[in-house]
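What follows is one structure encoded as structure tokens, with my remarks underneath.
Letters are used for the chains, namely A, B, C and D, taken in the order the chains are written, and counting of residues starts over at 1 for each.
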Amino acid sequence: MSITENVLGDRQRLAYIASQAADSRLNVELETEGMTLNIGPQHPATHGTLRIIARLDGEQVVWAEPSCGYMHRGYEKLAEVRTYPQVTTLINRIDWLGSFANEVPFILAAEKLMEIEAPVRAQYIRTILFELSRIANVSLFLGDLGVQLGAITPVFIAFRDREYVLNLIESATGGRFHPNFDRIGGLKDDLPAGWVDETRAVMKKLRGFCDQIEDLLFGNEIFQSRTRGIGVVPRDVALQYGLSGANLRASGVDWDLRRDHKLPMAWDKVDWKVWTHPDGDSFARCWIRLQETRESTKIVDQLLDLIPAGPVMAKVPKIIKVPEGEAWVSTENPLGEMGYYVVSRGDLGPFRVKIRSASFNNISITPWLLRGVYVPDIVTILASLYFILGDIDR
Amino acid sequence: MSTPSSTQPRITSVAEVKAALGDRLVDSFHKDDLWLRVRTDAWKASMRTLRDTLGFHYFCFLSAIDWMPSPYGRGEDDPTEPTPERDMTIRPGYAGGATRLQVFARVANPVTHVGVTVKVDVDDSAPVLESIHDVYAGANWHEREAHEMFGIKFDGHPDLRNIYLPSDFEGHPLRKDFPLLARMVKPWPGIVDVEPLPGGDEAASGEEQ
Amino acid sequence: MNPILAEIPYWGQSLLRVLGGLVAVLLPAGTIVYVFLFKMMSFMQSRLGPMEAGPYGSMQLFAEVGKWLQKEDIVPERADVRIFKMAPVIVLLSTFLLVVVVPFGPDAWFTDFETGVFYALAVSSVSVLGILIAGWASANKYSLLGGLRAAGQLIAYELPMVLAVMGVVIQAGTMNLQKIVVAQNSGSMFGFDAVGHPYVISQFVGFVIFMIAIQAELTQAPFDMPIAESELVSGYMTEYSGFRFLIFFIGEFATAGVFAMIASVLFLGGWGVPFAWFGWTSIDDIDNWMNIAGPIIMLTKMMLLVFIIMWIRFSYPRLREDQLQRFAWKGLIPVALGNIMVTSILKVVF
Amino acid sequence: MAKVPGLVKGLGVTLGTLFNTATKGANTVQYPHEKETPPIRSRGVIALHQDNCTSCMLCSRSCPDWCIYIEAHKELAPPRREGGKPRQVNLLDRFDIDYALCMYCGICVEVCPFDALFWSPEYEYSEPSIADLLHDKSKLSEWMETVPEAPALEAGADKKKK
């Protein structure tokens, strides 16, 4: 919190916390005095700068609320002063672990407004890179999950195998973390020679990685006892809060934008499965992500065989002016539904971009979810909801 | 130019939506997606109808938009030149609009996977709107964001604190008349800075390049 | 009186004992940190670990100690200063008290208590006090939670540990650690004396319970809730820096070593080799070279046990505090009690 | 087949990795002693080919972060063919890139119409002070040596070069 924050604001917040805590006092007989615990902004469980204010009764959480904004970079405002090609460099940095996936919905929205479509080859390569960034993102989640729950080794295994994917992304796009490879009308460049074979080999390694993580973590009885039945989100609540991605599918909603939205991408050309889980608990969310990583490797493998020959860039003018209109495009990003509502005024840059990032909605359920759990479960729940700070604060 | 394929599923029946909302619907726009504009006083009721009658259970986002063009442009003006004229007329977007500020939200049906964008006008001088956090619980944080970014008050919201900005922050950053300081404090380096020949450009009328 | 030291004046004996104690605590601790924490953990994670300081990073520990000694000794403003500063010392103290009763050879021991087991179990709980006051005196909510967790956990696991050791005591018929070693090595199983009679075989249940209990006593994963980096940001150690943190750090690994030594004494035959190999029949027959070989045999057994402790630590996630308590009170203690019952019945029968 | 408990499987994974590292070597690189070569396309640093720059300001204008500063002056150059009039060219006085601001997006390299900017995979140019990250044209030109050839393209790519 900034130093300039006035006392009144703090007092209001404390009053609000007290009123909330009074509503849900758990230990009524003992009337013990609670304790307010500040988890964050610098805390290992928040992997970033999220702060969680938790009112505790012993180890039990009476009331908790996340306080975000420590990393607010004002991308919606910044996008208004940038041209369309410049915006992609910004939105790369929203979910910094799956950067390429961030670019795609924005580019698709701009293409939709311009009424053009990328060449088929570009669509296939886009889909492959999209899935690679999903693997890069989720594999880190799978490793980090271990750290959050106290196991040190999974994260190193994850970093080891994620490196292969990052190398692929870098050799194709030039950027490890921030590819900025997507252009309105196609891609910046074609793939370098030898990339396809390399990718096949890496996908095999990553399936091995998934098996290792499953043995090391998901099959572990301690892990299961820590996650099963913790942080259960029923279907209706998940929908109301706008949870998306694996979090939504873990609550039994069979909805994957890759399958259910008709986008000019190549997902419908290959055979893969949308996993759902009926439980809605932390274990279900983590398990769905593990399965999705496996599906992603399958998607990439199949697409590599199918890439058609041809150009990767449609004919677009050098100076891009997007016609007047409004467009909403969202895709199934590693973290969930990521969408851009682009309003254009026929100018070089967008008039307004509303960035609908998945983590913001995903994390907004925490005040509801954290009531009555134990302190270690805060970590479990936050880890299983899986957020990237840049994706919350934008 | 090829015909673009629809990037969103089409609304199966626009008439169905119109019938359900009745006279609360002011205007609608249908391209490959559906835009609705509802009456300001019927905002919450409309959202409730969308959820309960039409099955739009999934809350995607809520935000606002300031339709006034920015008086600062992209911050690329030469400070030595007079400020260029800018067209400051307010033109509303799809489904129309009568005010400078509009709130819009997107909800979707998790079964048919159909989404709809709902807009509502907000009075510019006293921007107040009913809160829909009890219709869609997820709207809570989005309304807090719209509140601090656009200065729109949401009636009935339990806790309209700032979510991103410090609590003593003044101004509403996403309004167009809020200057982006980063682009104000430094001149644009793209302004041409090529010293002409001492004798003037006419001295050499030879071929360029 | 220890026969080796009998000729030396009392002050000399004391000095030698202190030096011996330091070596017995710090040498295994350093070895454990280098072999397991630096190298084994790294290898399990596909990396090499420290490689720069000394050959294969073997001097890394000295570099770390040097680093910690240089650091500022930070005391939180609202901490209870005296208690805060005392806490790490208490934790390390318990380790030194513990090593006193461990026998390293036929004549290489510090003290030869008749009630050695009883003493060892008693002083091992002293470290709880250190941890508890460290958590309380830090004036930090995380530390407090960590300290309280540690107290609850160590009490819960002290009991199964005591009960597990009971089986050994019943079988050996003595509480003297030296005599337990002799009993194991001179014993035989059904007349078959090639490996003596290490109690890990006849007291396997007790051994497993003892290992689980020391895993919890040492607050190693999956029982590391008092430290819990991802929840409590190192719990009771949060506010410690510089050499006070170093003392905690040494304490952690030295205690691991000493507990592993006690486990090897109780279950693996300690410093001894089966007496039948060399035709010894009692402790008085043993040649003098065993005073040199004994500590090495002991160290080997200790490293084996610490390997298991660390292997589990690097592989498993953490349990939750309530799950841990449930496991101790509803799982381990009944099993340990059952083990005692079976052991005593068998003892009477045979 | 009896189900192996998850706890045992987990121990197997770590032990397996231990043996793998011991026999096949680690996956890490001992950085200052051995270095990995970044891929050809890697966006390490922007190199400037001064002779090609016409100070048209396109890169500076398309930079999202406003981190390229160009100043130039006009000068007369000898004519291209015999007997022609002297040409008027822009000569660079200043071409600075502030790497503290640069987002490594590569838009400047892409928009440059005269092939004056290139990506080099060079990455070891960190500085102790943030102000030292503003590199001028001589430093940028030094990096031209490290610029690799563009890689060959994957099968099926459009052969047309840009």
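For the reader, a short list of remarks on this structure follows.
By definition in this document, a contact is a pair of C-beta atoms (placed from the backbone, for glycine too) under 8 Å apart; a residue touches a chain by one contact, two chains touch by 3 or more.
Quick caveat: nothing in here was measured; it's all calculated off a predicted structure.
Inter-chain contacts peak for the pair A-B, counting C-beta pairs in contact.
Chain closest to the overall centre, judged by the mean of its C-alpha atoms against the mean of all protein C-alpha atoms: A. Centroid distances from subunit D, each centroid being the mean of CA atoms, peak for C. Here the CA centre of subunit A is 23 Å from the CA centre of subunit B. Here the CA centre of subunit B is 36 Å from the CA centre of subunit D. With each centre defined as the average position of its C-alpha atoms, the distance from subunit A to subunit C rounds to 44 Å. Separation between the centroids of subunit B and subunit C, computed from CA atoms only, is 65 Å. Residue positions 7, 10, 13-14, 17, 27 of subunit D are each in touch with at least two other chains.
Under the contact definition stated at the top, the residues of subunit C that touch 2 or more other chains are 44-47, 314-316.
Within subunit A, the positions touching two or more other chains are listed as 82, 153, 157, 160, 216-217, 220, 222-223.
Arrangement of the chains shown, judged by which pairs touch: an irregular graph that fits none of the line, ring, star or complete shapes.
Chains touching one another form the pairs A-B, A-C, A-D, B-D, C-D. Chain contact summary for the complex, subunit D toward subunit A: residues 5-7, 9-10, 12-14, 17, 27, 38-43, 62, 64, 103-107, 110, 119, 151-158, 160. By the touch criterion given at the top, residues 1-9, 32-33, 35, 57-61, 63, 65-66, 69-70, 74-75, 91, 93-94, 104, 106, 110, 113, 115, 117, 136-138, 140-142, 149, 159, 161-168, 173-174, 176, 178, 180, 182-183 of subunit B touch subunit A in their complex. The residues of subunit C lying in touch with subunit D in their complex are 40, 42-48, 51, 311-312, 314-316. Touching subunit B in their complex are the following residues of subunit D: 54-55, 57, 60-61, 63, 66-76, 79-80, 84-88, 90, 93.
Within the complex formed with subunit C, the subunit D residues making contact are 7, 10-11, 13-15, 17-18, 20-22, 26-28, 30.
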